[in-house]
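Read the structure below first, then the notes.
For clarity, chains are labelled A, B, C, D and E in written order, and residue numbers in each chain start from 1.
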């Protein structure tokens, strides 16, 4: 579905209402401005139509229809860039990360953005860019910046969400109230998925920053460097989080084992407190003819008192050595 | 065994019936088109015959007869490429991965593909290529693309199978119903084997994409880039799976230990519930002359009631602290 | 808040009193000397004012206002360097590392340093540089050296603090007195945070040392090499500390388990010492008519003596095999 | 000890009987053919003599006398290559890997091979090369290929031996019959030693393949590429084996712990089956006057039956929850 | 303290008695030979004096006074090399590694070596070099070789010491007599410290070997390659040792846990042997009127025999399943 389509000339939007595919393709033949068409979850024939009108490469169109790709920035021979980006979002309801994909075709006179899955809405990027005519005037490549900038900015809350989850897990591990092994594992899996969305982007972003594509002017390149900086920061943060989660898994194990030690000590302590009086009781349960104590008047009271004294002494001793 | 052999001229298959080795070799001397010969599990003398007629290098022929090689793309001095690829398949009956090998000799006027082991059938690649005359017209190198494309596409179900297995293992680990250590290990071993089939291919595929071989036109190169993209994706997925499996192994360990804690607590709890009444019983088993309770009429009933009360109180307490 | 601002000409400070922003900007238009303005925790409009007067790039100003960035050294087209540095300090009260940020704008005629968070005071760097006119005479880039030098020097006590903490943890782990899993984990997290402050700086420092920026004379470059050396040393030390902490976590686990073994043995030993006499007691509690020993005069004394003897023998034996 | 020495001219061996050092050195001054001298475990003065007659570099001769070196291929200024290779063999008697060393001096007119320790016999390499005059005719460098080829081929059985050992360990770990920690460790150590024999060879082999030494013709280079391929394969296999062994060590740990859980459960189960009847027995051991059951005629039979019933019920229950 | 100082001309020592600083500095202005001054633990003012007379760079002198630096080889603009090396020694008394530092200033006409801490004595290097006039004649840079050679040679006994320690630890872990966790950890820490002394040296040594410094003639370069070879070997050995020690730590853990299993089984076995007879005893301690066995004449003997039989049977059974 085409959600918006407009021509931009001299840094300004030329039409308010969205253009049709054919009208847009016609405008692309002019030697002026460029068209930005935004498509969401396209039907195959829709994309086929766009492909024919804009002369897109079949491999790129195939990729734009697929899902679960690596982020990449490629240039085709006919000077058309094909870009795949992965968006990430913290789905608060499902309490897990959801990923989406944005594909872009960037020709000399057009930009086609294709959103798939739960990809971030690109409308804010369009509005932001429209407010900056000096960047828009740099041509279609400025749209690449606007989209990259938004997607990478949208990574920040994901990193923060992971950070929050890690802090909760730390608290839970070290308070000893529960051993959140499953949660640590799931979070590590999410961090890995997220890392795979971010990391492959760094290579192409470096290429953009370092001027591998001469179409991109020096002024715009500083904006790509800015995006690259943010992506590198996100990448380093996720790497550190993965490392932390691996360490927590080990710390968790140590905490569980220490707790086991405590449990075993506590159990044994109480067992001792019961076992010694039981022994004394069975002692006086023996059927010997000549057991002087059994004939004493206060023998029973004395023995019970002895049991209580021994139990109390053991309890005090075990407390002192921290077994209870 | 030669399973198919035909000459391709101007993007079309020239003969319907398979050619003999000698006829094929003769056609190769012409300055037009190329021959594609498909061999499966060749006998040594069969390969020797092909080697002589097509002038293949002894080292390449030796490799094509061997098994368990690294994937590679080599160029011999006489402009003959020698390619080794590893195919992977999920053998559902054996419930494990099986690997096969495809060797290719690519000369200016011929392509010889040699399948070994449980290598994927290359017939679909041939049919697909025959339906695309514009690629066939690029010469023998287009066959390299067709074969690479099919083999790398065939990796996808393997990755999905590993993914499914990992999800089953996750469920099994965290449900605590069993500790699938052996299965985790076996899967990690498979993932490593698969990684070794895929990873060494990336270097040569990058070389193909980046134009290290000038015979490959720019148009075709975009098709190799597409294959490279898929191979990189598979590679990243397998790497992530290996990492996950290592983490599961650790998580599994933590889950086992937590379960051990639970078992120890449960056992100790029941032991306490039995031990305290046992102590009371042995108390009243003592043979003192003067034990007032033993003379009471309801002494016995009272003591049994006391035991039940203490047992119940212990049970309630242990439930509350989650030991039972 | 502007904390100091002065022009430096021919290696000397030109004014004693701090300049205003406008005065400083005016002096920058002269073809002589440079201005160094120090700002601490700037208000947004303050920075906006500076930006307009000194013609700073919007992206750089945005970064200078943000927090939690990667250290970096960038050059903008208009020959203005933008530098982000992370400072680290051991907060003895909170007993944890605190990080601050210093951003620098370095133009041909000015240096603006912006401190944020608990960043180190830069006044000592200014004083040190003022005492070295021959370096000051190299222009604004000498300020970059002075600030880098101070910040990297300030890393040293942090490394030493981590080292001290590690030694305490080692002592505590191997004395067995407590299992400081949480402390190991927290320290490893700190070391990771610190590593992330230091590591990204190495790339730009190498570029400075190797002459990537021709503005920096050969003489000054040796001073940057010196800073780079120190940063590399800090980086290697932190890496080694992270590795050590991971190893301690494992060693800790082994120590805990050995201790568990000891506990289990000790408990079982005492259990045996109690269980055997208890068995003997219950033996003589049997109600057989014909139990000769029960009729002996010293039967009881003999049996109690037997119990003590067996208990003592068991105790001696268990001591000998180190179970008690 | 010189084991063989002959001159090769136009691809053929010139003398049947081994030459003396002096005769060989004299032949090296001619402008034709080359001499191949094979030495085994040389005495220092023997090597000194060879050094003087062939003008070898003192550092190279020193290395040829030492043991436990890194594999390397060096070129000295006087166009003499010095090569150190490590051979590996599975000593079936000692059931461990033994390593040997082969040093080579390769000049324009001579090759001197020095075997040390349990290095592979090089005679087969000589015979194989003598059967290929076209390679021999390429000069002394063809001997480097022949020796490299044999040594790298001899790595294959070592890899297979490690593989067999790993499979045995896997079977042993997962059958639970024993915990082969020591064997896993020893094997990992061997794999590491072997890796260190193979890995440093890859760099020089790559240099040989990529034409870093112009003396080596393009035809011969394909033979070095073949050796390189095999070495890379061995290297990847050993790396994968090391990784597997690390994983087995962890899996082993998990299996041991699961087994521990089983043991604890089994013990506790039987303890319960004994403890409950013991409690009942002590109940009826109490000395109350009024215990109606004790007066019943079949009280005893009933209680014993109750004990058996409870024991059986517990047994059935524990079986059902897999504790027994 | 200056320990030796002499001028070397045409490969020979010119004076027998040590020169003073001023005399040495004067000789450096001549266009012939070079001066080698050896200083040990210099006082600050001593170094200040040397710095002024030889025109050393302040940064280099600062580094030479510091301790705990990274090994490095730097060149200052005035053609003076500054070298920092770390020496390592096995202190047999303290049973740990001690590190020292050697700094070198190498100008066109002088070499100043500064030893600090427990750095190796450099006198042997001087004597060895004096015996090789042809190397001495290459100028001051030959001293760099002689010092590097000695220091790297001195690493060998350290590696061997670590190897011996590892073998002792292996024996101790697998004999099960003790769990040397602390010793493993301490050794790993030492190996890491040693690695940090050796590893940073490889980069500069490679640069020396590959001719990055044109002052070094091709002949001498082969000597630096020799040192580089040894350093690379040491580096690989230490890396392998660190890896081994990490594996031992894990193997240690597995051995401890297996031992724990054994202990638990042994304890439970003996508990069973005591528990069953105890149950029988309490059975016959019941106070039922009608317990036929209690009236039998040999009831008591029979029951005791039964207990012994059951105990023996249990013992035999538990031995057979390896629990005792």
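By definition in this document, contacts are C-beta pairs under 8 Å (C-beta built on N, C-alpha and C of every residue); 3 or more make two chains touch, one makes a residue touch a chain.
Being a predicted model, the structure only gives us computed values, none of them experimental.
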Degree value of the rotation bringing subunit A onto subunit D, based on Cα positions, nearest 5: 145
Same or different contact residues where subunit E meets its copy subunit D, judged by the half mark: different
Distance from the mean Cα position of subunit E to that of subunit A, given in whole angstrom: 41
Chain centre separation in whole Å, for subunit B relative to subunit A (CA means): 25
Where subunit C touches two or more other chains, by residue: 250, 253, 257, 260, 264, 271, 275, 278, 282, 285-287, 291
Subunit E to subunit C touching residues, read off their complex: 57, 59, 63, 68-70, 72, 74, 76-77, 179, 181-182, 184-185, 188-189, 192-193, 196, 200, 246, 249-250, 252-253, 256-257, 259-260, 263-264, 267, 270-271, 274-275, 277-278, 281-282, 284-287, 291, 293-300, 303-304, 307
Touching residues on subunit C, where the partner in the complex is subunit E: 170, 174, 218-219, 222-223, 225-226, 229, 232-233, 236, 240, 243-244, 247-248, 250-251, 253-255, 257-258, 260-261, 264-265, 268, 271-272, 275-276, 278-279, 282-283, 285-291
